[in-house]
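Next up, some structures in structure tokens.
Here chain A shows up in two complexes: once beside chain B, once beside chain C.
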Partner chain A sequence: MDITKKIRRNPDVMWREEDEALAGVQDSLDRGEVVEDVGTAVLFSGGTMLSINYLGLEIWKLCENRSLDEVVQELLSQFEVDESVLREDVQAFLDELSQKGFILYE
Partner chain B sequence: MSNETLPQLQAPLTINWAINNSCNFACSHCYSREDTHEELPRDVLYSSLEKVAKAGVFSINFGGGEPLLHPHLLEIAAFASGLGLRVSMNSNGWLIDQAKAAELKQAGFTKVGISIDSHRAEVHDSFRGVKGSHARALAALDHLREAGITTSISTVICRINSTTIDELVAVALDKRVGQLNFHNFKCSGLGMANKDDLDLTPAEWKDFYRAAIAAKHTVKDLDISLDDPIIALLDARDAGTLVKGSVCGKLSLNIKANGDMTPCGFIPIVIGNIVRDDLRQVWKDSAVLEKMRNKQPTGKCSGCSKYDDCLGGCTARALALTGDMNSPDPHCWGN
Partner chain C sequence: MELAAPITIYWDLGPEQGLVEKICSDIISCRPLMLQLFSPAVEPGCPALAVLNSFKDSPIAISLTVPAAALSFPAATLLENYKLKELLISCDTLEGAAAGWSSVSNYSGAAKGISFQVTRENRHELPSLLGFCRQQGIQRVVLPMQRLYNQESPFFLSRQEQQHLSGLLAAAGGTEGLNLTIHDPFIWRAFYPAIPFPQAGCQAANTMLAVDPRGTVYPCPTLPVPLGSLTAASLKEIMVSGIKKDFRRKLLENPAQCLACVEIKECRGGCRGRAYVLNGTLDGLDVACR
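Right after this comes the complex of A and B.
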């Protein structure tokens, strides 16, 4: 995949944030707790459903005419994480979204 | 970043909405023939749709009765579509000609499912109680596809069609539908009254699902959908599915013509009314939904190695035939 290609969400995907779960995660984050396993949004398209966690939701929301590098840079401004680890995680997640047809590359 | 399990959703993803119960057919398995004929006025329906959209629901699937007999279906669908809801419908196809298909497209329908019970016209017509209905249903599929609407065929599996999978697949391929839905037979309404004539034995269900799963794996260019949780016994549920057991009350909810909410169209337990109640509150607090989401194994389900995937099968069927949601699905062939 060309990492300079712009990513955008497939307009056929229906999605929503789960407000209560998201509020709970934000409280947990404030307390320094691990929230990786908590779903905060659901995506649905063509019979395929995905539940995504807090970081997944942040990435999903950034999938709007940004390249992989631009998504990573945006996240680095929000989270204190190692860039190479983050890039690997973001790439893996985008691969999953692409494989399910939830995002498109242009 | 994607999770193996689904969080407790704040609202259903989809609502099956029976906006009317009038019908021009007389089907042998009809679940709503005896249902209320009270219908919500259009302005009340609009405000109810606004509530649904605001709650975060993704899609509405209109049903009935025959929804095309509702005098304001097109306006209602356009209104729902304008709220951002994805709109679809199940119909018998009788009233869908070229002009109606174009109107449905204009109103925002993205998908329309047509009921077809047999590849043989005389069998379908007899089952539906209307001569010529098979031909009109097939023609409707053509009109819809030509109008740019995704089509599907819905077939309720019962004694008249359970051994004709290949023939039904051939119809679906010929009509270039996106999906062929094989629905399990529910014992609700006339389905209960006629169950001795129509329902299969557990062994016959096993044979049907084995053949249907084989077709699903071999037929190209067609999505064959099997919505029955008991196929977990054949290890046939998608490994990646986020919902175990039935999706009713977990992803979807049913609304009747008078606004009453029920867990699904086949469970006649009213848990609220969309006009009167807050959808998210009912979805969160209903004791009935809570019980459906936390089923407990009883009888032969206790100790069954498939229970974690199947969760006792179809709750509506267990409830209808035993009076207990937690009873094993009467269609289950397991020991």
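Right after this comes the complex of A and C.
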């Protein structure tokens, strides 16, 4: 995949942040707990539902006319994490979204 | 994934306005992603237009299903003033589909499609229906859930009938070019024999809830177990109630009669509503698997 290509959300995807779960995750993060298995939003399109965790939600919200590199840079300013690890996670998540048709590359 | 609030609400409207405003407000506050609205009529002052008006500023996507006979001119044009994700013409014959499609030919609002209620009598028309849709450029086809809270007799195809239908569908060009929604896991098997049913088991009382014309809330249109009434409680209260949560917990268990079956991992008990109606318990098997 060309990492300079802009990412766009498929406009057919409906999504919702799960307020209660999100509040719980924020409390857990404050306590330094692991939250990667907790769904904080659901994406739904064409009969396919996907539950995404806190990092997934942050990536999803950035998927609007940004390239992979720009998404990674935005996230680096929010999270204290090794860039190569983050890039790998973001790439894997975007691959899943793309495969399900939830995002498009332009 | 177990959700705190459903992403889809099915609401079948009746002829009366009574609870409409209250139910709209309840639904909006529960933030589903989609409202699947069925209306028996579209005419000035009808409940459907009141609902669409209530949702005009909401992000909730609305799919409206209306019987073909209720959409003759100028009914369809009335809908052009409202925000809809899709307009589905409800029918149960190929002839009805053709008449309904012709009646919305001038409608230029939302995307249009066909909602075909499959029955034992009309199932042979399915291959021709798909052919008709392709010919007319109709991409969207929904095979809706049976409303078993109306005391209808559950419809099902046996395994042999599914295989027969599968052959007929393949011979007629299959599903290429169509955006199909199929709720019945065993009818799905007739259409897509090589693809597992996409939903991870019954989603009643999880990703969906259903509201009947009297305001009674059910886990799903095919599961006639009332969870509460909107005349006495809010949708949110019903959604977080012990009755709803206990029922969902029971649904997450595989039916006792299926525990030894090798297919349980794939079918997850099939349509639990149909099995419930025919067996009187959630532990019975769905006859369509035989």
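The definition used in the following text is that the second predicted complex is superposed on the first by the 106 of 106 C-alpha atoms of A that agree within 3 Å, B and C clash if a C-alpha of one lies under 4 Å from a C-alpha of the other, contacts with A are read in each partner's own complex, and residues count from 1 in each chain.
The rule is simple: contacts are C-beta pairs under 8 Å (C-beta built on N, C-alpha and C of every residue); 3 or more make two chains touch, one makes a residue touch a chain.
No experiment lies behind these values; they were computed from the predicted model shown.
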* **First (chain B), second (chain C), both or neither touched by A:38** => first
* Asked: By residue count, is chain A touched more by chain B or by chain C?
  -> B
* Asked: Should A:59 be classified as contacting the first partner (chain B), the second (chain C), both, or neither?
  -> first
* To do: Quick one: classify A:51 as touching chain B (first), chain C (second), both or neither.
  => both
* Can A:89 be said to touch chain B (first), chain C (second), both, or neither? -> first
* Structure fact -> Both chain B and chain C touch chain A at residues 14, 16, 18, 20-21, 39, 42, 44, 47, 49, 51
* Structure fact -> Touching chain A in the complex, chain C uses residues 1, 3-4, 7, 31, 33-34, 61, 179, 181, 198-199, 207
* Spell out the residues on chain B that touch chain A in their complex, using ranges where they run on. => 1-3, 5-10, 13, 56, 58-59, 86, 223, 225, 242-243, 251
* To do: Using the touch definition up top, name the residues of chain A that touch chain B in the complex.
  => 14, 16, 18-21, 37-40, 42, 44, 47, 49-53, 55-56, 59, 89, 93, 96
* To do: Would you tell me which residues of chain A are touching chain C in their complex?
  => 14-16, 18, 20-21, 39, 42, 44, 46-49, 51
